[in-house]
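Same chain, two partners: chain A is paired with chain B first, then with chain C.
Take a look at the complex of A and B:
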C-alpha cells in the first residue's frame, strides 16, 4: 500500500529524522511503499507533492506539534501518532494506522 | 565539506572510550568526554565547550531512550568537527528537563562555530537516524575496539540514503 507520512518534533531537533528513518525501515517488513516528509528545524524536507498525497492509501502523522501546511491533507483520513512511539516501534505505528483507517 | 556530514569521517580513535567506569553523574560523563576532545586538540577551551553543550541541553533533551544520549555543542572553541563515543555498561543517570534515564552509550558531537545550521543538522540527523537500527546498537554494545566501532558506523551509514 502507498503510505505518506509527516514527522516533526517540538523539542528534540533530531527526533523528526529518527521517526522518518524508523518508518522507512519498518515498511521493509510490512511490504508497503512510503514517502516521509520531515518538518524540522530546517523547514520542510522531502516535501510531499499534492499528487503523492492524493494517491496515498494511508496518511500517517508522527508529530507532537501542529503540521505545517496541513490544508494539503484536508481530504485525507489522517492517522496521528507521537514521534517518540514511532521512533521505537514504527512497525506497530504502521500496523495500528492501517487498523484505524480500516485498511 | 561533504565528508563532514559522515560520522565515520569525524569520529576519532583518541576520543573513543569503550570502558568508562566510575562515572558518577551526567556532568561527570560530559566532563570525561570533553577532556578527550581537549586532549585531542579538538577544542581550545573545556569551559566554553561545556557551556555550548548546556545551551543545547536547555533547548531540548539529548537523551534518546534505549540507553543512548547524544549531547552536542556548536562553538567557536571547536577547531575541527569531531565525534566522541563513550560506553559505560554500568550506566549513568542522564537527567534532562523532560525527564531522563540510564545511559550506556554516548555520542558527543563537537561542531565548529562557523558550520552552517544546515550542515549541523545534517550531521546530527545522520547520527540520530543510525540510532534506530537495532543491529547498529547491538554492534556498539559488543565492540571491543575502536576499529569495531568504526566498522559498525560504516556499516550503519550504508543504510542511510
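Take a look at the complex of A and C:
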C-alpha cells in the first residue's frame, strides 16, 4: 500500500523527525511504501508532490500543530494522530489508520 | 478533508501552533533584554549607547510575542486569511494589558471570524476581493469591536487577577505549583503537556514574573541530564545501545532540549517517566523555595548567569539530577540478556 504522511510538533526540532523515523521503520514490518513530509522548525522537508498525494492509498498526519498547505490534501481522507503516539508505536498508528480508512 | 477531531482537540492544536510560532520571537527577545541589563545596569533603557540599542531590539522581539501567538493561532484556524486578523487581535491584547491570555483568546476569536467570513459565497466576479479586501477589512473591524468592547475588559481583569494571585502565592502554594509544573514538564518531554507548562512560564514572564521560568529551566533540563547520570552510574539498567547515547543526553540536558530523553522513556515508559517526573517536580519546587528567577526564556546552561542566584540555581539543578538518577536506580529493573539482544533504539 502506498502511504504518504506528514509529521509536525510544537517546537519542530525533535518529535517531528522522530515520528517520521518511527513511521519509516514501521513500514518495514507492515510491508507498505511510505513517504514522510516533515514540517519542522526549518520549514517543509521532503515535500510531498501533488502526484504522490494523488496516488497515495492512505494519508496519515502525525501532527500537533496546524498542517501547512493543507489544501493539497483537500480530496483525500486524512487519518490524524499525534506525533507522540506515533513515536511510541508507529506500527499501531499504521494499522489503526488502515482500519479507520476502511482498507 | 481531515477526519473530524473533537472541538477541544482542535483548539488545543491551534493554541499549540501559536506557541510554536511564538517561541522564535520570545527567545532572542528575552535573552537580548537580559544581556542588555547585564551590560548597562537596571536603567539601561535610559542610558543611550550600544546596550540601550540592544535592549531596544530585544524589546521589539519580545513585544511581538503576543501578536505572533494570536496571529498564528488564527492562521491555524483559518489559514492565510487568519494571520492579519490574529496579529491585530494580539496587538490589541498587548495594548489593553490582557497579555498572553488576551492573545490566546483574541487569536481564537480572530481565527474563527476569518473562517466564518471565508464561508460567505460571493459572486464569481467578486471572489478575488475576498482575500485582499473583504476578510481583512470586515474581519479587522469585527475583531476590533470584539476585543475592545466585549473581550478586553473581562480578559484584562482576569489576566491581572491571575498575575496578582501568582505574585502573592504562599510558600506552600509555590511548592505545589512547582511540583505540578515540574511533573508536567517531564511528563511528555517536549510534547503538549510540556508545552502547556512552558506556556505558563512564558505567560508569567510576559507579566514580568520570572520565577516560573527558573523552575521551568530546572525541570526541562533535568530529564536528559538525570538519565545521563544514571547511564554512567548504573550501567546494568541500560542496554549497550542506550548507554552509547550518553553524550546526546548531556547536550540535551545542558541545552534544555528535553526531547533527548524521549528514546529512553519510549523504551520503558512505566519506569523512566515516573523517575524523571519526580526529579523534575522536586527541582521545580526547590526553585520556588529559594525564590529563584531567570530572565531568559530558553537557552539552558548557556544563559544561566542571567539567574538571580546562579550558584543556588546550579545546586538545585544538581539535586534534581541526583533525584532523577536515584529514582531510576530504584525503579528500573536490570537489563536481561534477551532484552539486550531484542531492544535496539
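The rule is simple: the second predicted complex is superposed on the first by the 101 of 103 C-alpha atoms of A that agree within 3 Å, B and C clash if a C-alpha of one lies under 4 Å from a C-alpha of the other, contacts with A are read in each partner's own complex, and residues count from 1 in each chain.
Criterion: a residue touches a chain if its C-beta (ideal position, glycine included) is under 8 Å from a C-beta of that chain, and two chains touch if they have at least 3 such contacts.
What you see is a predicted model; the values in this text were computed from it and never measured.
Bringing the complexes onto one copy of chain A puts chain B in a clash with chain C. In the superposition on chain A, contact is made by A:87 with both chain B and chain C. In the superposed pair of complexes, A:66 makes contact with chain C only, with no contact to chain B. In the superposed model, A:40 lies in contact with chain B only, and not with chain C.
Set against each other, chain B and chain C touch different numbers of residues in chain A, with C touching more.
In the superposition on chain A, A:18 makes contact with both chain B and chain C.
In the superposition on chain A, A:100 contacts chain C only, with no contact to chain B. Of the two partner chains, chain C is the only one that A:78 touches; chain B does not reach it.
Only one segment of chain C in 3-11, 183-191 or 201-209 runs into chain B in the superposed model, and that segment is 183-191.
Residues common to the contacts of chain A with chain B and with chain C across the two structures: 10-15, 18, 41, 84, 87-88.
Across the interface of their complex, chain A is touched by residues 1-3, 5, 13-14, 16-17, 19-20, 23-24, 75-77, 79, 188, 190-192, 195, 257, 259-260, 262-263, 266, 269 of chain C. Every residue of chain A that touches chain C in the complex is listed here, in rising order: 9-15, 18, 41, 61, 63-66, 70-71, 73-74, 76-80, 82-84, 87-88, 100. Residue ranges on chain B touching chain A, taken from their complex, read 59-62, 64-66, 70, 98, 117-118, 121, 124-125, 127-129, 131-133, 160.
On the side of chain A, the complex with chain B involves touching residues 10-15, 17-18, 20-22, 25, 40-42, 84, 87-88, 90.
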